[in-house]
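Scrolling down, you'll hit the structures one after another.
Okay, so chain A shows up in both of these, paired with chain B first and chain C after.
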Partner chain A sequence: MIRTILVQTKRELGAILFSPIAYVLLTCFALLHGFSFTLCVEAMQQGVKNVTIMFIFFNWFFFWFALILFVPILTMRLFSEEFKSGTVEPLLTAPVSEWDVVIAKFTAAFLFYVLLWVPSALFYTIYQFLTGHVTPVQWGPLFLGYAMVLLIGAFYISIGLFASSLTRNQVVAAVLAFAGIALLFFCSFLGFFTVNPQLEELVNYISSLNHMRLFANGTFDSRPVILYLSGAVLFLFLTERALAGRRLKN
Partner chain B sequence: MAQKNTRARWRTNHWISIGLVLVIFAAAQFLNYKYFKRTNLSPIDYVKLSELSINVVRDLPGPVTLTAFIAPQGDPLAPLVQSDLLDLLDQYRYNSNGRIEVRRIDPFINFDDARGIVETFKLATNENVVIVEYAERSKVLRLADLAEVDASGEMFGSPPRLVAFKGEREITSAIQQLVRGETKKIYFTSGHGEFNPLAPDNERMSYSLIGSYLRRQNADLFRINLAEQGGVPPDADLVVVAGPRSRFTQGEIDLLRAYFLGEKPGKLLIMLDPETSSGLEDFFAPYGLTFANDLALTRVSMLGQTRILADAIGTTFAAHPAIDWARNLGANLVLGACRSLVLGPPAEGEAAKGTALVRTPESYWGETEKDKEGVQFDEGKDTRGPLTLAAAIEVGAVEGLDVDLAVPKAVAVGGAAFLINENLGTMQVDFAVNVVNWLVGQEDALGIAPKEPTEFKTSLLPEQQEKIALLVLVVVPGLIAIIGVAVWWRRRV
Partner chain C sequence: MIDVKNLVKKYAGQTAVQGISFAVNRGEVVGFLGPNGAGKSTTMRILTGFLPATSGEVSVAGLDLLENSREVRRKVGYMPENVPLYMDMRVREYVEYRAALKGIRGRGLRNRVSDALARCGITDVSRKMIGALSRGYRQRVGLADAIVHEPELLILDEPTAGLDPNQIRAVRDLIKELGKDRTILLSTHILPEVEMVCSRAIIINRGRIEASDTLENLSKRVRSGSLFLELKVAGAEAKAALEALPDVGQVDIRGEADGWVQLECLAKPGKDVRRTVDELIKDKRWPLGEFRYAKPTLEDVFVELTQE
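Take a look at the complex of A and B:
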């Protein structure tokens, strides 16, 4: 099974990396984060701050904008394209299970997602190399910040994958994924307006903004880790069920 | 038919499995919410709760509620500390084994809850506070007491800066006091026309409002007639003499002194209005402090006319725990009609540390002949400014040593009417509450030092900034784009 998944993952990753959209995404992502990093440096130049450069980076508008917008674009074609081109039929009739296919596609998308973040991690080295200054970061919070980026990414990618498994139209898949991710993300703001303590607790529990602020501050909390991992597993399961349902229909 | 049945069974199983997984997911989230682990990997102890606080909240005998009543829109201090404060409250909750409940109330959003809190705790409409509640007891901590802010850069356009965060020290101390059931007992002297904190709100010259502010600090207020009761009760944490109009007898002065220098070190707050004689003017003379028999005056120019102003305004504040808040705030403190205080060395054989807490600008002088026509500063007769309006005395303390020793402590103020309901403003309340807090002490949590935020700043040359921008905005994205074009070209051919 693992061998099958590895072969499938390689195939999926190859498909992503050989498509022009991958490089458009990578370039835009690097450009957006480059712009964000420049602004962070500018902000730190303005005066004394009580937060690190990476705390600003991880909590800035551009960070969330990129995350919410790019994940649906990354995942929209994963199943929809296969449905549209008809390549899903041979895939599902081959001696591989739905789970193999789902996990392979998810892993490939996730690896590409990791690749998207590599330039941003390079920025700190560039800063240090050019200025000779130790970058105003702290390694514990930096590590936790990137760990949260990966956890949120895994969860959002699984949502995108599920959306893609529901339709043969890539645009519809992207819109569905965007709606789901945006809905979850904007729930974070409900905490500012609710007067109900229970609802506030719930919102705090699922608020990605809160989680990122906490982790980028250097505080590890097991709750978001379990939430995002179990959420990713749930949506992968739903994706598998969607594929199985499609097979049943046929 | 058989195939149809199989398909139907499969469909049922399909939906049951989805339902089951959703239920398992919900149950897992419930358990995840209830049982979790949290740890701090930041090298800065600024965001960590100290062991002392953890020990206090781990074994609480009953539920404690911490309510953050904060409207960031109305207070420049709130945006600076709100995030740290909420993180801190969250840590209290996490370490309390479910004994601490944290509530966050924004009065601009939670109208009903906010109204209830304002009425219960008699808050001003624009006050940002943290309320600590345990059983029937409560303590209100003002945001200004939880943080030290440097506003000195404001005149150059720099925003105020957080210098130290005292939230943990104050909140842990409040929890300790409430759990132990300790209330500070403050006795106000009576029998000489003093201002009365137990008088009704609508009574003229009442001290009822400042009384309610002191009660919010978990203090019980009493009145005491020294002549009738023959001494200060042994449970007194502080005795306040607030603006007596007639003289204390020598016997009463001796009783006060016996309390002050007693086995349990006494704490005194003596506020004497100008143009009154109470017999207490030289009470602190052995320690180098006396009340002058004058009135603080200054000349002000308004609309081309020069007038004499008898409202004493403090503009210079000492580096002292009782008045640090005002120094950090950089605002003026209006104390109304005041006499000046004279600070000098203690008498021979006495050890005492005196600090001029509040001083006027140099333009003030202490007028000794208030009733004569055309008052002006008379060299040799009047006291030259800047005048000392309030001073602290620590008997037995050593000059230059900033250790909070258990010694007799006192604060003398050259006026008392600034605290009556009609004159009371935010600055006056802050002054009184901070002075009382310093006098009665916060010994419990003194082991928790105020936390200084780590400050980050970059100082790059413009060329360095340009290079960074060039690399991260052009070179890195450009390289990726080139790789993309190369891949596309190779696939094409």
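Take a look at the complex of A and C:
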């Protein structure tokens, strides 16, 4: 039910924005990206050729570091806190379905995630402005790069949400989410260790590093889109089951 | 309003509710009474659709709970044990959010929220953070949430637990007031509470219903009141004479000093022995120090039914 989901999403956004963690995350993210961006600019000055600044930015170590570390912190409290404080009881005895709640929590976390990326877009705008548009904006790579950021984010957030639905302990939820996301991410590096072409193909198919490189270069591929969207849907589905199952188990 | 048949709830290691059946009629205020761990909260969580039953039939407001869980939840106002609330919201904001979540829309929402806040006496604190409120006020926020969608049935789990005597009185008065125009099932282990606000009590112990009746009938059920006597006569003699009377159950000697004896005389269930005892004393010409009748309390019933 759309109305119910909207009402609950508003509540979840409020809860995220009320917590100090939100501002720590926003600040750290902005600082990290600012720092990363400066390094990118330096790299450009030292004569890295044939790439855009956004390409470097999206493939920089800091980009992944921030993603893998911050998503679990963002998602850890979504369900765990409600289990611990008991507020899940009034929540689920209101006329709502588990799906309403799962979608609302996901949407709120995702919106906050989008907010986390706003400063990076500002840096770019400022950069363009300061350099007097020496390099024309390449809309394709820019747009696709951010699209990939959102796709990967949606997938990782759904993993974090699922982890949070499994436990009333926020730390456990964060560690679980971190383990899951890191594991998936490090599959990207398996390519270095194998000469088996079939395995390499598989690694290429699931490697987030590859996807990002591809999209930030302005090349669109529908396979990663499907991979991340179906991954997100799968984990949202698992979350809904975990929530329903928690009631059965209790 | 509530109809429960053979309800069973098993947790991983134990059976918390062992096949209970009871009904609550429209307009009643029923006390759900039992010691800690009796299965009150478990039963209420099932009634409100939070937990599924292991087996048994539950219908609430004429609807089968399994088939119409969402519709049932729309018609029930529930205040869980310990009143979990979002501490990071303001009182009015929280009740408005809850009303919206329960499907109240548009212009009606503000009015209903104002009304609920006023009824629960929290209009003054409506701008405060819930986390900054005292326990008594939080309890009332929980009540405001429970009544904001004007449900036909209120289910309140230990609404006065953890409050100080003044707060208890305030919440109790509020429940009494609310009970005038709706059905209420409230759980408690505080007996005077039931006597003050409920018309009927269901006594539950270790997952089984021990009794379910009006307070008056419950009181009569186990035994009649106690008669406290002080007589100037030998204890053994008085005891023998009293016990010989018809309808007298048990006679206990409470104390003996200076030739006076204190006795507690219990009648058989449903009997009143004041008159026959009075006649006996006059007959025997025993000097009388005290003659006091104590009505059986719900506490007596409770202790008798739920003791090991």
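One rule holds in what follows: the second predicted complex is superposed on the first by the 243 of 250 C-alpha atoms of A that agree within 3 Å, B and C clash if a C-alpha of one lies under 4 Å from a C-alpha of the other, contacts with A are read in each partner's own complex, and residues count from 1 in each chain.
Basically, a residue touches a chain if its C-beta (ideal position, glycine included) is under 8 Å from a C-beta of that chain, and two chains touch if they have at least 3 such contacts.
Bear in mind the structure is a predicted one, so any value in this text is a computation, not a measurement.
Looking at the superposed arrangement, the partner reaching more residues of chain A, out of chain B and chain C, is B.
Of the two partner chains placed by superposition, only chain B is touched by A:227; chain C is not. When both complexes are overlaid on chain A, the residue A:37 reaches chain B alone and has no touch with chain C.
Residue contacts after overlaying the shared chain place A:4 against chain C, while chain B stays out of touching range. In the superposition on chain A, A:86 makes contact with chain C only, not with chain B.
By the document's definition of touching, of the two partners only chain B reaches A:122; chain C does not.
When the two structures are aligned on the shared chain, A:18 is found in touch with chain B and with chain C. Within chain A, the residues touching chain B in one complex and chain C in the other are 18, 248.
Considering their complex, residues 7, 10-11, 14, 17-18, 21-22, 25, 28-29, 32-33, 36-44, 47, 83, 87, 103-104, 106, 109-110, 112-113, 158-159, 161-162, 453-460, 464-465, 467-469, 471-473, 476-477, 480-481, 483-485, 487-488, 491 of chain B touch chain A.
On the side of chain A, the complex with chain B involves touching residues 17-18, 20, 22-24, 26-28, 30-31, 33-35, 37-38, 41-42, 44-45, 47-53, 119, 122-123, 126-127, 130-131, 133, 136, 138, 140-141, 143-144, 192-193, 195, 197, 200, 205, 213-214, 217-223, 226-227, 230-231, 234, 237-238, 241, 244-245, 248. Of all residues in chain C, only 11-12, 45, 48-52, 70-71, 73-74, 76, 78, 80, 82, 84-89, 97-98, 100-103, 105, 145 touch chain A in the complex they form. Contact residues of chain A toward chain C in the complex are 3-4, 7-8, 10-11, 14-15, 18-19, 85-90, 92-97, 247-250.
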